[in-house]
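Letters A, B and C mark the chains as written, and numbering starts fresh at 1 in each.
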Amino acid sequence: MLFKTLSKPEFRNLVDLLLGSTEVIAPKQIGVNNDGKPLHHYLPVQEFEEIDLEYEITEYSAKSYFLPFRENLSSCRFEDDDWTQEIHYRLQPRVLMGLHSCDINALLKLDKVLAGDRFPSPYFISRRRNTFIIGIDHYPCEGGFCQSVGADVVTHGFDLYLTDLGDRYFVAINSDHGYNVLMQVDAKDTTGQDNKDYLEARQRIASKFEPLNMHNLPNLMDIEFESEVWKRWGKKCLSCGSCTMVCPTCYCYGVDERVSMDGREGAKVKQLYSCNLLDFAAVAGGHNFRADRETRLKYRYYHQHRGFMETYEEPLCVGCNRCGRVCLAGINPPEIIRDLQTEDQV
Amino acid sequence: MTELLHPYDITQEADIMQPLDFNRRSRLKHVDRTFKSEIINIIRLTEMEKLFQVRILDDTARERFSFRPGQFVMVEVPGYGEIPISISSSPSHKGFIELCIRKAGLVTTILHKARRGAPIGIRGPFGTHFPIEKMRGCNILLIAGGLGLAPLRAPIFHVIENRSNFKDVHILYGTRQPSMLLFNYQYEEWDRIADIDLKVTVEHGDESWTGQVGMITDLLDEVDIAPKETYAIICGPPVMFKFVCNRLTKEGIQMNRMFVSLERRMHCGMGKCCRCNIGSTYTCLSGPVFDYWTVLNLKEAI
Amino acid sequence: MKYLGIEPEVLKIAVFDFTGCEGCELQLANKEETVADFLKVLDVVNFREISSVEGDDYDIALIEGAVTRGDEITRLIQIRKQARLLVALGSCACFGGVNRLKNVLDLNKVNREVYGKDPKETLPARAIKEIVPVDLEIPGCPINKDELERIVQHLIWDIPFQFPVYPVCFECKQRYTTCIFELGQLCLGPITRGGCNAPCPAGGLGCYGCRGPAADPNYSEFFTIARERGYKKKELDEHFNFFGGFEGVG
């Protein structure tokens, strides 16, 4: 990887250049909650001032820019009792700025499922390759446990990655795209002092994490498959799917088709779905393979921390704890994992 | 406006431009493209089930299409939905495939209304298959309950067409009532020409029923099983295959020589939507055909 | 329009309004882009919002509004006899709707307040299903036009229609809305049937449950959540009783 430094004014020039050339999505404060805490979303911005890179965490992840909540997989034109199918992929480039390491790691995990494997998804790949990603280092967010799942650092999956060194940014460059864009402004070669400052900044960040005991979790999940822990937490679940919607790694969906009222056009619409929803595994004829809340909630954790591990040797979860924060019932991974760890140890 | 970022046009990728390889291994393709196909014939089997003969319209695509017994396709009625259906015809048969479809909900109901000549869409084939090639030189038990005969028909055709490759072949089939028997017009053919032992039973007979009445496991009592050289393929509801497989295990057949086809909700067929997950296994990729040992090891499988 | 080799039947449909705001009926007529097409597939008899044809020959009866008067009961029974399919349209027809609010008040007093010196006969507001069997309920205040169009398409093809089973929260999240609870208000979203696309929370107002309960709602946890956040029974009841879809909950 190549590294450069960028003074804060030059960084602003870079952002202005990008703003002038393409759509830019960045963290933006949209208000405060009842306790006066600022709320941030990744939203399209027009001006540098709208961007808030000091944000702690966004309520929603950036996944919907790659996996929209609803997406047309294909459209259909009907004519004379016949039809023609059309497929379009999103081709417009855009910049996604201010992603934290967990969110970039989340994209890398999505890449494994959606860009690799036997059936790579052109819908996803097209969006992914057309998105220029600028990440940024930050202090741990409250309740997050990214370090415990190894998602607090990134080595790829972005174009540029910034670390704030006070008067300047330390910039990691991970693509020729990133290099070319950075060369539009006055980026400096790194000095020994820069490296030293960068490593110190990283150390400061690393020292702030509170570790969560993830030891042997996949096996633990198998052993505790019938555990009371699931009953206790499952009883609380509203089966609302909010956790899945804000999660940066949950990717599953349902497909629905519809016809326009004049009967001339049809659309095959993919809608992100959640395994916590009642009919996730329901089939025709009335059978539901996961009819109660408890099994559905368990399954979500199972997929995140056990199932993905089996296939890709790492958990799907990147520890952002967005699901825990959004859940009205207070269901959250750190507490569930702690409960699982302690259930059978007196 | 300066152009800093250049659009990446995925449709220009060489991979995506190539004609679709139906086993689509590790290649970027228009994976969600459906192949327009014509319903060339509809055969009413029972009140609830119809057999659809479906032909892919594009000549080259049709030529390239091939499948293994036990695989399924995603059948699309544009504007109404897409559903997984097992291919119910002979794998060696070119030209058209047969799909036996039970009226169950939205898409299946509208399919049951469709007329001959109607254009629908097909994607696939997807999923694992019954490893018939491994069964060469052995006895085969083909056991179906209810609609399970639909996916079983592909291996039955294969066995009939390659009869000399196998030793004793038994087809055991059971349904609830005589009126629910599928493909009864073919029983005589299977029984006579192919030197296959066919046994049919129903749970509840009626006035005109002269055949056997009882459970599918009763039929097993009449079969001499040589466990060391027998394979079994079982299709039917979970309760049924559980019973049958346990019984066969007692007879001494190894669990990894029994194959079942599992049903789950499916929205993609490609390991993306997660709807078909059993624990952490994708039914559409690692299944629908599993050996029984694997099924027992899948958390929440039965 | 021919499809799959079949020309679907044009349905004879009649719309009747009982006691309601007629907002739902307006929904039928108000989506300009599609209303013409909507009418092409339906043969509308008896529907004053968009056509003046009146007749008594229909297969499907859409009932809008709740039942609040004696003559309405007779009329409803008559309609039930004639209709092959009777559809309750909107929250008033499905649950009694906002009209139900008056049930908890003194009816005579209400009557005097509303009609002054010239009071009308009035009974407690009742849902259609409390009087005659209903084949299909389409809740919403007002109903969601897109959903209605889909339902009509399904009726035309005579294929089953399924409402979403998930609660409002799910679609609320898909709109990037900040949770109303976060902003310090009560919202029935977690237990209310989705499908409306959560317009109320998006507009900054908690859901009042106009679509009735979601499939398998988790009431006990919902009450815990509300209690923990300091909501009193009175506030909860106010929400629950607003449209009448949560009869007996609370």
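Definition applied: a contact is a pair of C-beta atoms (placed from the backbone, for glycine too) under 8 Å apart; a residue touches a chain by one contact, two chains touch by 3 or more.
Computed from a prediction, not measured in an experiment: that's the story for all the values here.
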Original post:
Once you count every C-beta pair in contact for both, which comes out on top, B-C or A-C?
Top reply: A-C
Subject >> Greatest separation from subunit B - chain, by CA centre >> reply: C
Subject >> subunit A and subunit C, separation of their C-alpha mean positions in angstrom >> reply: 37
Original post:
When the C-alpha atoms of subunit B and subunit C are each averaged to a single point, how far apart are the two points in Å?
Top reply: 43
Subject >> Set of subunit A residues in contact with two or more other chains >> reply: 78, 81, 258-259
Original post:
For subunit B, which residues are shared contacts with two or more other chains?
Top reply: 77, 79-80, 105, 118-119
Subject >> For subunit C, residues contacting two or more additional chains >> reply: 3-5
Original post:
What residues of subunit B sit close enough to touch subunit C in their complex?
Top reply: 77, 79-80, 105-106, 109-110, 113-120
Subject >> Sites on subunit C touched by subunit B in the complex >> reply: 3-6, 157-160, 162
**OP:** In the complex, go through subunit C and note every residue touching subunit A.
**Re:** 1-5, 34, 37-38, 40-41, 149-150, 153, 165-167, 169-170, 172-174, 176, 178-179, 181-184, 189-191, 215-216, 218, 221-222, 224-225
Original post:
Contact residues on subunit A for subunit B in the complex?
Top reply: 17-18, 20-22, 73-74, 76, 78, 81-83, 85, 87, 89, 91-95, 113-114, 117-123, 125-126, 129-130, 132, 177, 180-181, 184, 222, 225, 251-259, 266-268, 273, 275, 280-285, 289-290, 295, 299, 302-303, 306-308, 310-311
Subject >> List of subunit B residues in touch with subunit A within their complex >> reply: 1-11, 16, 24-34, 36, 76-82, 104-105, 108, 118-119, 121, 263-265, 267-268, 270-275, 277-281, 285, 299-300
